[in-house]
Structures are given as C-alpha cells and as structure tokens.
C-alpha cells in the first residue's frame, strides 16, 4: 500500500478501528481547543496556555510516580493527566497571583511560570531516571505527542473528554461572548466576570491536558492559538468566529492524526501543527473578508479614490500637486497633461468634485455627528450617499453666494 | 495667515497655502484613515513663525491625529509636511512633541531627571553617555517647571500634573524651534497649568513656534494668538482676532455649541457677535 | 572531594551555567521592561529548526553553521511574528504562539531527516541542554586558573560564552541610553529621530545571539528562565535601571552556581547517591529567588505592599 493510499484510507476512516477512534478523538480535541482558544484570544490571554502546558511536566512525572506506587505501572493515562492538570492548575493560579500581587506584568508572569515549572519537571525526570523504573520511556511521548501505539481505550478517553469540553463551551457560548465584548454587562449577569474567566481558563487547562498525549506539551498550545488566529481572517462576528476556529482546529487535527497513522515515525504533534499552520497561511492570504490580498486591493482602491479627489480639488483651487501618486493618477486619467496643466476633462471633473466637496462640507457643518459616523463622508459623490431631498436642500443653501460663480465657472 | 480665495465654492475646502517654505511647520493635503474611514481629510495648515497657535475642534475631529500623522508617528494616506521647507525626517532636531499623557509605563525604572535628560539624547548622539553638563542642563529645565525638588523621584511616584511638567521639561531640553503639544492642559492642577503657561510664554519670548491642541474654548483668546479649527479637515485658520468668530465656531462644532455658550465665548474674546 | 576532580568536572559546568545565565539575564531586563518577556521563549524554541537546518545544509555538526542557522531562524521568527501581529491584528502573544510553535514543529520534522543521516540530535537535548558534559581534564589544581595555556583548554562552549558575555556587556554599555529611551517611550524616541524599531531590532539580535550561545550548553528552558527570572527579581528590588541591571546580573550568575551545586551535591546531602538535572535546578533556584523577592522585597514585595496599604 502506498503512503497516499494509506493516508486516504485513514482520512475516510478505512484504516482500522483504532486509527478511526484516534482520528475522531483528535478532531474533537481540535474542535474543543479551537473554540476555547477563540474566546481566550478575544480575552487577549493566548499565551497563558503556554504557561499551563509547560507546567504539566512536573505533574506528569508525579502522576507517573503515583502510578508506580499505586498500580505498579506508571503508564496510567488517567493518573498522568490528573497529575498534569494539578500542576498546570497551580501554574495557572501562579500566573494570576503574580499579575495581581506584584508589579510584574502578565508576560513576565507567564515566562516565569513556564520556565521554572518545566525546569522542576526536568529535575523530577532525572530523579525518575535514577530510580530506574520501567516504562519511563513512554513519558517522552508527552513532549512531542504520539498517537502511534495509542490504545483505543486511551483514544476513547481523549475523544470523550474533548467532547465534554466542546459541549460545555456550547452551553456557555452566550456568557463567554458577553465576557469578551461587554465585560461590564457580563459582570451584571448571574455568573460574574471573575467566575466566567476562571471557567474559560479551566476549559483551556482541560484542552491543554487532554491534548498532551496527542500533540505533546511543547506544541499543544498551537492547538489553542493557531485556529483562532486563522479564523480572525474569515469573519468579524463572534457568532461565526468561534465555530470557524473550531472547524479549523478539527480539520487540522483530524488530517494530522490521519497523516500520522500513515507515517507512524513522524511525531503527531508536529504534523498537526504544520497542517494548522498551512491553514493559517491560506486564511491569511486568500480570505476575502480580512485576507491579505483582498485588504491590499481594497487599500489600493481606497488610496486611489483619496488621491484622485485631492488632486482634483487642488486643480480646482489652482494649487500645486505635490505627491507623485496623485500626479500619476491625474495624468493616467487624462485630467492633466504631462506638464501638469489641467485638460478640459480635468477642469470639468475638478469643478464637479469641488462642488461635491462643498456640499459635503456644508452637510458636515449641519450634521457633525452624522458626518463623523459616516464612513463614506467625502469619498463618494454626495448624491450617491444622501437622499435627493437632502442634496437638493444643501444645493439651495449653497446657492446664494456661490451659485452665480458656479454657473459662471461651468459655462 | 491669509485665506486663499480663488475659483472655489468654499475657501476652506482646499489645502491652505501649499507648503510654505518659510513656515516652520507646514502641512498640506493630509489625509489619515483608520480602517478606510478617513479621520482627517485633506487637512492643511502653515504655522506662523514665532506665534502660539491653538488647534481646536470637537471630539474625534482628528486633532491628535493631525499632529501624530504630520510627525510620521502614524501612517498617513496622503499629505506633505515641511519644516522650514525641509522634509520632516531631515528636521527632527527642530521639532519637539509633547504627547498626551499616559502613553508610557509609569512603573519604568527612571527618575524625573532621567526622563528630562532623554530630551537631550539626540544632541548627545549615538554611543555617548549623558555627561555632567547634560545632567545640569536637565536640572535647569526641571527648575523651569518648578520640579527641581523631585529630580530623583521615580516618575511613577509623581502626581499626574507633576508628570506632565516633567514631560514639558523634557520638551524644553530638546531646544527645538517648533513645539507641538497634545492637550497639555487636560486634567492638570492649578500649579501645572501655571507652569505650562509660563513655559509657553518663555517659548514665545525665545521666538519659538508653538502649536497646542486645546480643549477649553474659553481660554483660546487668552493664551493664543492664532487658531486652527479642525473637524475632519481644516475648517478655518488665522489670527484669533479675525478667525475666532461665531461663524467658524458654528462651522466647526455645528449644533454642539449652544447659543449661550457661543455668547459667553465671544464675551471672553471681547468680540462682538 | 579533591580540587582537581572539582576543577575537571564541576568547575567547567558551573562556569557554563553561570555564564549562560549572565548573558541572558542581563538582556532579559530590557525584554521584561518592554513587555517582550516571551520573545525569549519564542526565540529559544525556534533555535531548534535553525540548528537542524544549519546541519542539513552543511552536513557537519560543527557549531558555527548550526549557530548561524539558529541566528537566522531567530531573525526569521521575529519578522514573522511582526507580520502576523500586524496582518492578523492580534496581540503579540498570539502572533508569537503561531510562529514559534509552527517553526518548532518544522524543526521536529526536520530532525527526522537528521536521524536518517545517522547523527544524534534530539528534542530532549534541545530542551534540557547538556550542562554536565563540560569537562576540563587539563586542570590539576587551583593554580591552573591563572595559566592561560591551560585556560585555553576549557571547553569551547565556555570560551564562546565568555565572548558572548563580553559582547552583551559591550552592547548594553554602548546603547544604554538608547535602550532605556526606546524601552520607556518608543514614540518619543521616534520623534527624536532615534528609531525605536532599529534599536529594538538590535536588542533582538543580541537576544538571539545570547540564546543561541547559551542554548547549546544549557537547553532552551534554562535560557527562557534566565531571560526572565533574574530581571523580574531585580525589578522588584529597585527603581533604578542601572541598579536593576547589576542586581539581575548577580542573581543570574549566582543562580548558576547555587543551582549546579544543589543539583550535583544536593541529593548526596540528603542521603541519595545521585544527581539531578543541573540546568533544571538552576532555573528552579532562579525561580525560588524570584518568589522570595515577590514576597519579601522591601518596597514592592507582597508583605511590604500589604503593610503600606494598611498604613
């Protein structure tokens, strides 16, 4: 069987029961972390997960030791994850404590916790090695994630846990959305900002811990950060942002897990992260909403409108045109000749724009607040934006002292 | 500054005189947009040399944006800026800018004296440390704003007004030709207000050109000789005696100023409505 | 324990740990003040793809191409982070998260290629470092510390860190004024014509150089700890930048010594015949010092702040 066949087989769930469970578990994990990560990004706390994931290491080692002591075997996934959750939780509380009680900022608090907790884990690991217990080699899978050789019971645990997290996010969707956009109002509802924040961070902690085995502790944060950052490019609305982020997370994790099933030597975590990164790059470049290409095109178009209008106003007022872009645009449109002398078409366009600008200015004097709120103010011809009645009214008011001159100029 | 007339419907729709080579600070055709929504449109102004100009306009009129974009601190869509006829990047040493408060980390390990000394950094040059002379000069500047007693205080331990005075002293230390200040009077105590006024007088006496974004319309005729009305673009500009009129206030603020307010303003300005 | 055993096996490791701690600790002050603490985190992660790339291109395990590769990767990551931050309009933390995890993942996959080439490079080594492997067999007594020809036989990684430390100190002395200015008020720096971006880039280049030089010896986690903990500790003890720099240097250097001593001899003191990860212990010691400062610092410690609030 070629690599491609086996990959396609895995993608279509035809590569055996175990692989199917692992891939579906990964997809659920990706969806849950994409959704949680989306809210965390909106709260501007993305890198808290970095502190959490690194802080799992001492817990994993403690869980292993507990397993040896209680069960005779350290490789009990529930114990390892419980240990991970314990120290990651302590890490999370430490970040908040440092931020609240010292002059140090959050980034410093995160860096402190992630490095010292991980270092403590390294120290404990060397203790473990010197105890020479069996099975500790399995721990290295927690660094980079590995689905090869994952038991279907383990995969099932991951799938169920991720599913539960996803359901909780769904249940608290409205509350979290409020928390991110209207903190004051969220505070006035039953749950309170503080408790909602704790709930969100606890869910983040949950996906980090659940993701350890599949993606590994160094890379698991990618699962909570890359999907929402990619989703940012596709929409401005939170009701879509969160599901898109979840979908990107699910797609990337599923594809990565399937790829890993066909190439068992490659670390699963790295594969998932790189696929997510590819999805991110595609989103950044081509999304019509906020993607790079469309933004660039829109900016160019906008720049053209502004420069053309300013250039024509300068022509109308007989002022020199200083900027090269403006000059080029006017020449290209045939409004001025090569030596910057206005053409007949240029004069008439300039008069039109000048009149339009005068009306816009008059409208702004009358309705400053509306003008301030209107994005198209003085960018589009006024009669395309305001009602004909309004324009007619402005025209008559502009008329008394200028109509004569306008008529003269147009003749 | 004389307003340009010509074949146009509204005189103030244009850019103002184009890049006056003699003006210490001339802006022309300045357009700035956030997210494709113009905050400033085609704004132009040439600061009269040796004069004190107030920049006024309603909230969101683009007053701070006007200063920041002219200085290149935020990107502009179009527009030219000249300092004595030179491009701004060649004239950094001639310009001092006092930003609105609160844009720095007040917890930063720096004393009031350290902050004022920063105003001398350009003159000191790369790879050199501030010497004793520089420190002395910085102390003199602190004394000018009545802050010499606080020279060694960490800046976060000063009151808001004191911090504002330190930043003013830093601008003085720059010894520039043009001073741009963003709402220096906003929310300051009486001592600081006095210090600011003294500094403005001193700058004028030395022949400097000063532009101040100002909120309090009543004090415009008291402190300033010239005024620039901004509202999304230049509405009007010129000497206070000619330009600070009911008509221009109305044009700039629209319905936002009540008739009684206008009357009070004109009384303050000693002008007839 | 005799002097020559200590000099041959422990002394070079202590030097390595302390010097790595020192250069990272000094630069960390500016990262902490500029709220870029996690830049150290990001850079020390992207060092992995850099060294692997350096190896894959040249095919040798010489440190020079690997360090060049690492430095290159660090600069690429900084550029990418800036790009993602601007284009995605997201907070710098999220932009960092996207870039450094992706580059680290690429490094992990690239490692598989080196496995095929039969060369030993692995992720554990990148994270944990290999502090204990430094030896100085030429040493036979304390007098050797004064003999240049024997000092020259110190491990090359030690000598490299000596050079990097000198470069870092020279950099800070030369650009102290500018670093202070752009860290405090970048906008003002720009109006003065002292480009905050230029100075910021210089700083990041030095951070990358220090990270790469230290990484090889002590692993990326200790590098991250040293960029942050000593500076954070010093930040709680003083309101003067110059004092803060000196304090952070002292904290970093002594964490290196104390951490190593605890790791190598600590277990024996409590009756276990073993030693634990020195790099890990150094970071833990730095963390403990920081905790002590957070609680007991005379002015900004939790206790002092509580007392101040009550008064």
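Letters are used for the chains, namely A, B and C, taken in the order the chains are written, and counting of residues starts over at 1 for each.
Just so we're on the same page, a contact is a pair of C-beta atoms (placed from the backbone, for glycine too) under 8 Å apart; a residue touches a chain by one contact, two chains touch by 3 or more.
What you see is a predicted model, and the numbers here were worked out from it, not measured in a lab.
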Using C-alpha centres only, name the chain that sits farthest from subunit B. C
Once every inter-chain C-beta contact is counted, which two chains account for the most? A-C
Between subunit A and subunit C, the Cα-mean centres are separated in Å by 30
Distance-wise, how many Å sit between the C-alpha centres of subunit A and subunit B, to the nearest whole number? 38
Geometric centre distance via CA averages, subunit C-subunit B, whole Å: 44
Would you pick out the residues of subunit A that each touch at least 2 other chains? 103
Could you list which residues of subunit C touch at least two other chains? 35, 235
In the complex formed with subunit A, which residues of subunit C make contact? 32, 35-38, 40-41, 45, 84, 87-91, 93-98, 101-102, 104-106, 108-109, 112, 123-124, 127-128, 221-222, 224-225, 227-229, 231-232, 235-236, 263, 272, 274-277, 279-284, 286-287, 290, 294, 300, 302, 305
Touching residues of subunit A toward subunit C in the complex: what are they? 41, 44-47, 49-50, 54, 98, 101-105, 107-108, 110-112, 114-116, 118-123, 125-127, 130, 140, 143-144, 218-219, 221-222, 225-226, 228-229, 232-233, 265-267, 269-271, 273-274, 276-277, 280, 284, 290, 292, 295
Contact set on subunit B toward subunit A in their complex: 4, 6-10, 12-15, 18-19, 28-29, 31, 33, 36-38, 41-42, 58, 60, 77-80, 107, 231-233, 250-251, 253-256
Complex contact set, residues of subunit A against subunit B: 103, 298-299, 302-303, 306-307, 309-310, 313-314, 316-320, 322-323, 325-326, 354-355, 357-358, 361-362, 364-369, 371-372, 375, 377-379, 398, 402, 405-406, 409
Spell out the residues on subunit C that touch subunit B in their complex, using ranges where they run on. 33, 35, 174-178, 180-181, 183-185, 187-188, 190-194, 235, 238-241, 243-244
